[in-house]
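Take a look at these structures.
Across the two complexes that follow, chain A remains constant while its partner is chain B and subsequently chain C.
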Partner chain A sequence: MAVAPNMRSSWPRVWAGIAGAAGAAVLLLVLVFGLHRDPGAIPSPLIGRQAPEFVLPLFDGGTLATPALRGRVVVVNFWASWCVPACYEEAPHLQRIWDRYRDRGLTVVGVNIQDQDRLARDFIARFGLTFPNGVDRLGTISIDYGVYGVPETFLVDRKGRIVHKYAGAVTEEMLVSEIEPLLADADGASP
Partner chain B sequence: MAHRHNDRAWRTGVALLIAVTLLAAGIAAAKDPEARAQAIAAQLRCPVCQNESVADSPSELAAQMRTLIRAKVAAGETDQQIVDYFVSKYGEWILLEPPRRGPLWIVWLAPAVALLGGAYLALSYVFRTARASGR
Partner chain C sequence: MMAMLGFLSLMLAVGCAAGGLVTLLAGHRLRHDPARAAWGRAAAAGLFAGVTLAVVMMEAALIGFDFSIRYVAANVNRATPLLFRVAGLWGALEGSILLWAWILAALTLLVAVKYRGRHPDLIPSVLTVLFGIALFFVGVMVGPANPFARLPVVPPDGRGLNPLLQNHLLMAIHPPLLYVGYVGLSIPYAFAMGTLLSGQHRDEWMTLTRRWTLVAWTSLTAGLLLGARWSYDVLGWGGYWAWDPVENAAFMPWLVATAFIHSSMVQERRRLLRIWNVSLVILAFLLTIFGTFLTRSGILASVHSFTQSLIGPVFVAFLGLVMVASFLALLARLPQIRDEGGLDSPLSREAMMLLNNVVLLTMAFTIFVGTIFPLIVEAATGAKVTVGPPFFNRLFVPLGIVLLMVMGLGTALRWGRSGAEEMRKLGWLIGITLLTVTALGFAGIRGAGLVALGAVCFVTVAQVGEYVRGALARRAATSESFPVALRSLFALNRQRYYGYLTHLGLAIVITGIVGSQSGRIEVQRQLLVGQAMQVGGYTLRLDGLVALPGADKLVVAAPVAVFSGNSTALAGSPGSPGALDILRPSENFYRQARTPVPTPAVRSTWRQDLYVVLMAFDPAAQSAVLRAVVTPLVSWIWVGGTIMVIAGVLAGWPSHPT
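What follows is the complex of A and B.
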């Protein structure tokens, strides 16, 4: 008869042990899941949305208003001369994309942010960039695009929708694989 | 006499309470645009920093964001509209405090649940040892 009270008191302890172990397992899974995520990666809520419009004062005079680009595929590149090495790596690639596709309905737009005028001009001269390039002096364009660093590049389709965002240096190959289908999209050609 | 004295104290108390309430309301209403902009910036996470608010960060991006917030306050936008603008551009990531809704309640409730659970375990242990030593 001495067994009965013992049994009674040990069962809740077993259940508490199971509950504790289950709780610890769940916590461990959450932490392991967290380890595999990049804390620096910020998913952009802008993908699939209409690209914010802007008017950009260009380095070589005049301005560029994005509504004028509707119907074209647009590569919007945010950069700075102090962005080493990523901006230096991708600049020739962006120029090649411009040379390759400008007559097929694509425009590359450079948006210089958080920079100094002279250093930005030196950068453009150094790489012989010929696509439209201008300054976002107040940062309103970059904030409108949810930019958090340089370089960041947005790919906009013929209808003005953001289809892709690249954080970090882009290459010609990366862009080509995305641009070709957008240019081939005859549906988008007639807005 | 005692009753009358009590009555006067009561009235003075109520008058004081009303005065303080009015004063607080006045301060809140007169909250200047700069203080509003500062409060909004304090709610936003600086995108180029580690766990620093837009209000606290010396980075150029945060400075530009503060300028933009001031411009939006001056343009007559509400605090909520301005915060919503930044959320629409950067996602909820930009909010230093996760919103209190849906599954995000977990992060708000988990500490309290853990505290209560811990207290229960500690108390049950204390009672058990007290009972054992008392026997």
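What follows is the complex of A and C.
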């Protein structure tokens, strides 16, 4: 096939190449930046505040009062048995966090909301959850914590301040990276 | 079991895509090697078989409520009707990618089989590109977006589809149509890249991909139209287009594909715009990937951000890879595909098509900037900004008017160089348009609307003129009657005459847009049962509140009697004698949703739509808050859009040689 010989200088091609590559690089960087933010995220006003105290009637009898947990790092997890699939994904992770850190000064507290007793108990049994778990019957705890949907998880430091809020399923890795510095901070000073 | 089989079939698909890619790449230097071509075909068949099996497994799991699979549990519950269980395949990220991969695998196999033994130095390169794209999509599914991922404990019931999606039948077909459009554009892309890779051809790919591009364009058009209709029927604000990031993401490839359909004719006819066409096709393909990324990464807040995931980085990487590879290939072959000649005259059809390309690309660029601008600002300054409809509307009105003028001119002028005959034609066109504009001006239409309608008239007369002239010439030559001659035009040159029909459809759509943007009357009132309200020449009376429990939702409807005229005497009168219509706007309470989803009721005529939304109700007080919107000419958009789609289908329909 006859092809027109290229008599022109190759410089315009080089410049076009550089310009195109630069434009593409900028675009990709903007997209990468975009991935690091959540357009729907509204920062919780509770971060840095004292965590609301509550008394939780537990599924296996007895109650849990949060003032008794002062000095421990607390993971407060709001969940429901109908919350598919997020609550099902995170339950084993929460149990692993409890197994891993309970002897190092951490408590996981499950707060079941808007659920039926039988289904909630079934959920706990099937996942073999052993951390304290109770029902927020009147919904006052979830109102105090400003819970919008399930699951939501709050991380409370030794001094009882809310350090972090997670909306959606948490994983062991996500929690570990936040928990370790809080536990290391034995005297409760802010990390 | 199904999860296992599904995942294994995806692994098979990955193997076939990778195998096909490697075989063809290795054979790239050896031309005319039948054995390798056969391997390529076998790999395409294996890819299709693997993905098909995965789709079957996923559908079986969705239909059979296999909640051990995370995707099923997240998108279906026991109350979900069968249709929406089937449609659950494209209700969220992983399933959408599976559907995408399935369409791509089918097209790949089709290319492999259809061109078997033909173009032996081009098709292997084309298949190489298709295998590369397919490998990405099936690879994503065995990696970060595995549709068959399991839950540690099987939940007793699933969550169910987003109610906004489940609330309308169109949701069952809108996404697949868009996907066929998106994926369809990878065929011209693969042919363009194959042409560059093989280094042997310059113009053949135009003819080979013409029909593929038409099919993709028609699907995209239908998908956009249905999306607009869904927005109108479900979202309850009385509009059909919001310049939402994801609407924009689908609109950009449509604009570029439209540009390509026109400029490809210039290359076929005149052997011009080669580099331009390759660039357009690369751009269109990149925009489809970008569109999928926008829809599914959750990078921008949107009504479409139903699903968010960690798949974003993978897509950005793929986007970058495609950009670099396409750009390098283009750069390397630039000397071979350079045009030899140039335009003969600015007064020619090809000059107008070039101008049309410039306008369409400016539109696409405008949308791109408007869509991505908030991200750029946030990256640079940290401030959150939004770009709203005023920005887009301000730029699209003048651009749209220029586009219409160019459409009219392009239809009236001829290829090469226009002569005295075309000038006479133009004189007539301008004369009729000026007369119409004057008449519309006397009828009270002013401003941008008048200019736009003038441009619509110009386009319409230009298309109708072509039909009339063509039919008259044919009648003179064959002594057929005028209607018969008109029909033979379509048979003789489908793409040309159905092309004019899409122009006419677009003219109708634009008339609808101009009308609906010009005068919108909106009234919101709280009414007791028996009370009435007025809106734009209608009287609406609330006749009651009805609760209808369904399997998957509770529907509360408010029957509203519609009367014409501003009569208040009707209020409170029993029965509805003389009512034009009874509308039943409703609110639907799905158990998986916190807030009810409204279903507006619409009374549509060719002149205007009456759109009634039930905003709130109080059963104890027997009262309801109704919002009523009267918008002129909305139905023209659906009619014109349907004409465009039908014309697209017929233009691409295989013609039977008689």
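One rule holds in what follows: the second predicted complex is superposed on the first by the 148 of 191 C-alpha atoms of A that agree within 3 Å, B and C clash if a C-alpha of one lies under 4 Å from a C-alpha of the other, contacts with A are read in each partner's own complex, and residues count from 1 in each chain.
As a convention for this text, a residue touches a chain if its C-beta (ideal position, glycine included) is under 8 Å from a C-beta of that chain, and two chains touch if they have at least 3 such contacts.
Keep in mind it's a predicted model, so treat the numbers as computed, not measured.
**Q** Could you say whether A:L31 touches chain B, chain C, both of them, or neither, answering first, second, both or neither?
**A** Touch status of A:L31: second partner only.
**Q** With the two structures laid over each other on chain A, which partner does A:F127 touch: chain B (first), chain C (second), both, or neither?
**A** Touch partner of A:F127: chain C, not chain B.
**Q** A:V84 contacts which: chain B (first), chain C (second), both, neither?
**A** Touch partner of A:V84: chain C, not chain B.
**Q** Can you list the residues of chain A that touch chain B in one structure and chain C in the other?
**A** Common interface on chain A, chain B vs chain C: 149.
**Q** Write out the stretch or stretches of chain A touching chain B in their complex.
**A** So the residues of chain A in touch with chain B come to 42-46, 114, 138-140, 142-149.
**Q** Mind listing the chain C positions that touch chain A in their complex?
**A** Residues in contact with chain A: 67, 70, 73-74, 151-153, 155-159, 200-202, 293, 297-301, 305, 308, 312-313, 316, 319-320, 323-324, 327, 331, 334-336, 338, 340, 372, 375-376, 378-379, 594.
**Q** Looking at the complex, which residues from chain B come into contact with chain A?
**A** Against chain A, chain B makes touches at 47-48, 60-61, 64-65, 67-68, 86-91, 93.
**Q** Over in the complex, which chain A residues touch chain C? Could you list them?
**A** Within the complex, chain A touches chain C at residues 1, 3-6, 13, 16-17, 20-21, 24, 27-35, 37-40, 81-85, 88-89, 91-92, 119, 122-123, 126-127, 149.
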